[in-house]
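In what follows, chain A forms one complex with chain B and a second complex with chain C.
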Partner chain A sequence: MAAAIYSLYIINKSGGLIYYKDYGSAGRMDTNDSLRVASLWHSMHAISQQLSPVSGCLGIELLQADTFDLHCYQSLTGTKFFVVCEPGTQHMESLLKYIYELYTDYVLKNPFYEMEMPIRCELFDINLTQAVQKDRVAFLGR
Partner chain B sequence: MQFFGGSEISPSPPVPTASGNNGHMIYMFNRNGVCLLYREWNPPLRTLNAQQDHKLMFGLLFSLKSLTVKMDPTSAEKGNLGVPQLPGQGCSFHSFRTNTYKLSFMESPSGIKIILVTHPRTGDLWDSLKYIYNLYVEYVVKNPLYTPGSPIRCQLFNTTLDQYMRGIA
Partner chain C sequence: MAPVAPRSGDAIFANIERVNAELFTLTYGAIVRQLLTDLEEVEEVNKQLEQMGYNIGIRLIDEFLAKSNVSRCVDFRETADVIAKVGFKMFLGVTASVSNWDAEGTCCSIILEDNPLVDFVELPDTCQGLYYCNILSGVIRGALEMVSMKTEVTWIRDVLRGDDVFELQVKLLKQVPEEYPYKDDE
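And now, the complex of A and B:
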């Protein structure tokens, strides 16, 4: 059974990729490509704010394509969490907020973590995998 | 992606999916990036001049298209990022939503891109976009005085489009 989530990206406020995890998509990308895609998304997010007909636009929250959906959550500090998932997947917003909480607990509070650098925190990885697995099991059960 | 469902304008346009003041703006581009049409219905806040706006919109769509082709999780064979794609080649996005607006996009096999900017809680506008493309075929393409590749100046097209947008708004 295909996973509901294909991949997860976290980008810092300057658009640099700090975390990329692939959960089983056929189009798994190498490091360079994932870096390029992340920067491209960062720019697109910014341009979409400029094209808004009313002021106060915070950027793209959901992108729907033929074969996937992309949900994006931007924290108040500009860090963006986005997930590529199957079209029509529910509750991605709450998952992204939960991942943000994991990020604040296991990454930001880690005294050895340098801001804006790639994330190399084992506890973050473990908890993130648990969170995503729980989601996957919930979907399979439905 | 079923595109050629019916080539004549259906007698009844698609039923509106949401009520309230919906329609904001429509853009139409051809495959060379020429802005064929730009109309707005609720006065939006314009921060850039019109020319810049069109270029920015076209650039955004081009880049989003190459992004979705690259990010497509179901295909393993992908070209490099930024390689121009033929219409219909690779995975294309059909809408995105922000907190203030929703943008719905459709590209015809001939490269005509139709973009509708509406209220964020609008439903799927795929049928509306197809209907507008049919209006374009009937009133613009079949107009012998219209030169392909130039901005649309067909009064009948504008009137029918306004009527239709007021109907779904």
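And now, the complex of A and C:
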């Protein structure tokens, strides 16, 4: 199975990009583009809450396009985790929840990490890479 | 995917890695003693403990949300219940209870009978104004601020000052949902 995930973004509650990782050339972006995508998504997510015909909507969870799917998870603290992947990729919600747990462990518990700032935590990178590998993704589909 | 049900405080507490309780009590005691030496004024120490708690709370909230799977609380009553039943259980291993609700439902007391921070502790006469567990009030304030609630947390009863239980008053000052710079009328 080809690498189903193209890229991962984490944005803070103000919409700033704090983490970006691409897996393979399909989703690769240069720094400016990734920042642009992050702010664009932050605004679209906010607007979608207002536009939604369903009351109590907390924002877009899934965007499906011809060449990619975008899954988004927003924590109750406003941090958004979203992943751009191949259309039809399974188990992205549990992956995003798992990445949230990795974030609470390796980023927030690092006393030298400043809140809302870009993430530069090696332990987070290492554990994230392990989580995203294909067999782990399948395993998370419980 | 079916939504995951929130986990009980006991279940989470059972699954988390533990540390020796004495180490925890000793570490906290060392922090308070050092602050007293450095700052000398009991009021300053109270403030500093609260600030430390605040810094912990703003990070702890995500850990709490990730591990406990609680969904957004409908009202402040639910928030207080979740803090007492799940939060305290998950992080301190003790269950607290909620009481003394005011008429509007914005102010309540969280009662702790058991408190691992104060095992073996007695306050000397020179530290009578000290709120030894003030870090807890900061933690609650910090955590709630990250989920859009501005609160004021104060001690009503303190076992180290002669009362029978620890009582924390949590008052909701206001809800501050995320403001987006979009104006509908422009």
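Criterion: the second predicted complex is superposed on the first by the 129 of 142 C-alpha atoms of A that agree within 3 Å, B and C clash if a C-alpha of one lies under 4 Å from a C-alpha of the other, contacts with A are read in each partner's own complex, and residues count from 1 in each chain.
Following the convention adopted for this analysis, a residue touches a chain if its C-beta (ideal position, glycine included) is under 8 Å from a C-beta of that chain, and two chains touch if they have at least 3 such contacts.
Since the model is a prediction, treat every value here as computed from it, not as a measurement.
Asks: If chain A is used to align the two complexes, do chain B and chain C fit next to each other or clash?
Replies: In the arrangement built by aligning on chain A, the partners chain C and chain B fit side by side.
Asks: Would you sort A:Ser7 into first (chain B), second (chain C), both or neither based on which partner it touches?
Replies: In the superposition, A:Ser7 contacts chain B only.
Asks: Check the residue A:Ser75 against both partner chains and state whether it touches chain B (first), chain C (second), both, or neither.
Replies: Once the two structures are laid over each other on A, A:Ser75 reaches chain C alone.
Asks: Mind working out whether A:Leu108 is in touch with chain B, chain C, both or neither, as first, second, both or neither?
Replies: second
Asks: Pick one for A:Ile47: touches chain B only (first), chain C only (second), both, or neither.
Replies: both
Asks: In the superposed model, which partner reaches more residues of chain A, chain B or chain C?
Replies: Of chain B and chain C, more residues of chain A lie in contact with B.
Asks: If we overlay the two complexes on their shared chain A, which of chain B and chain C does A:Tyr100 touch? Say first, second, both or neither.
Replies: In the superposition, A:Tyr100 touches chain C alone.
Asks: At the CA centre of chain A, how far apart in angle are the CA centres of chain B and chain C, to the nearest 10 degrees?
Replies: With chain A as the vertex, the angle is 120 degrees.
Asks: Going by the contact rule set out at the top, does A:Pro118 touch chain B (first), chain C (second), both, or neither?
Replies: neither
Asks: Please state the minimum Cα-Cα separation between chain B and chain C in the superposed model, rounded to the nearest whole Å.
Replies: Nearest C-alpha pair, chain B versus chain C: 7 Å apart.
Asks: Would you tell me the residues on chain A in contact with chain B in one complex that are also in contact with chain C in the other?
Replies: 47, 50, 58
Asks: For chain A, which residues count as touching chain B in their complex?
Replies: 6-7, 25-27, 29, 33, 36-37, 40-41, 43-44, 47-68, 70, 84
Asks: Which residues of chain C touch chain A once you look at their complex with the stated criterion?
Replies: Touch residues, chain C against chain A: 1, 4, 58-59, 61-63, 65-67, 72, 146-147, 178, 180, 182.
Asks: Using the touch rule from the top, collect the residues of chain B that touch chain A in their complex.
Replies: Going by the criterion above, the answer is residues 1, 24-25, 40, 42, 44-45, 47-48, 53, 56-57, 59-60, 63-64, 66-68, 70-76, 78, 81, 91-101, 103, 117.
Asks: Mind listing the chain A positions that touch chain C in their complex?
Replies: 13, 46-47, 50, 58, 75-79, 93-94, 97, 100-101, 103-105, 108-109, 115
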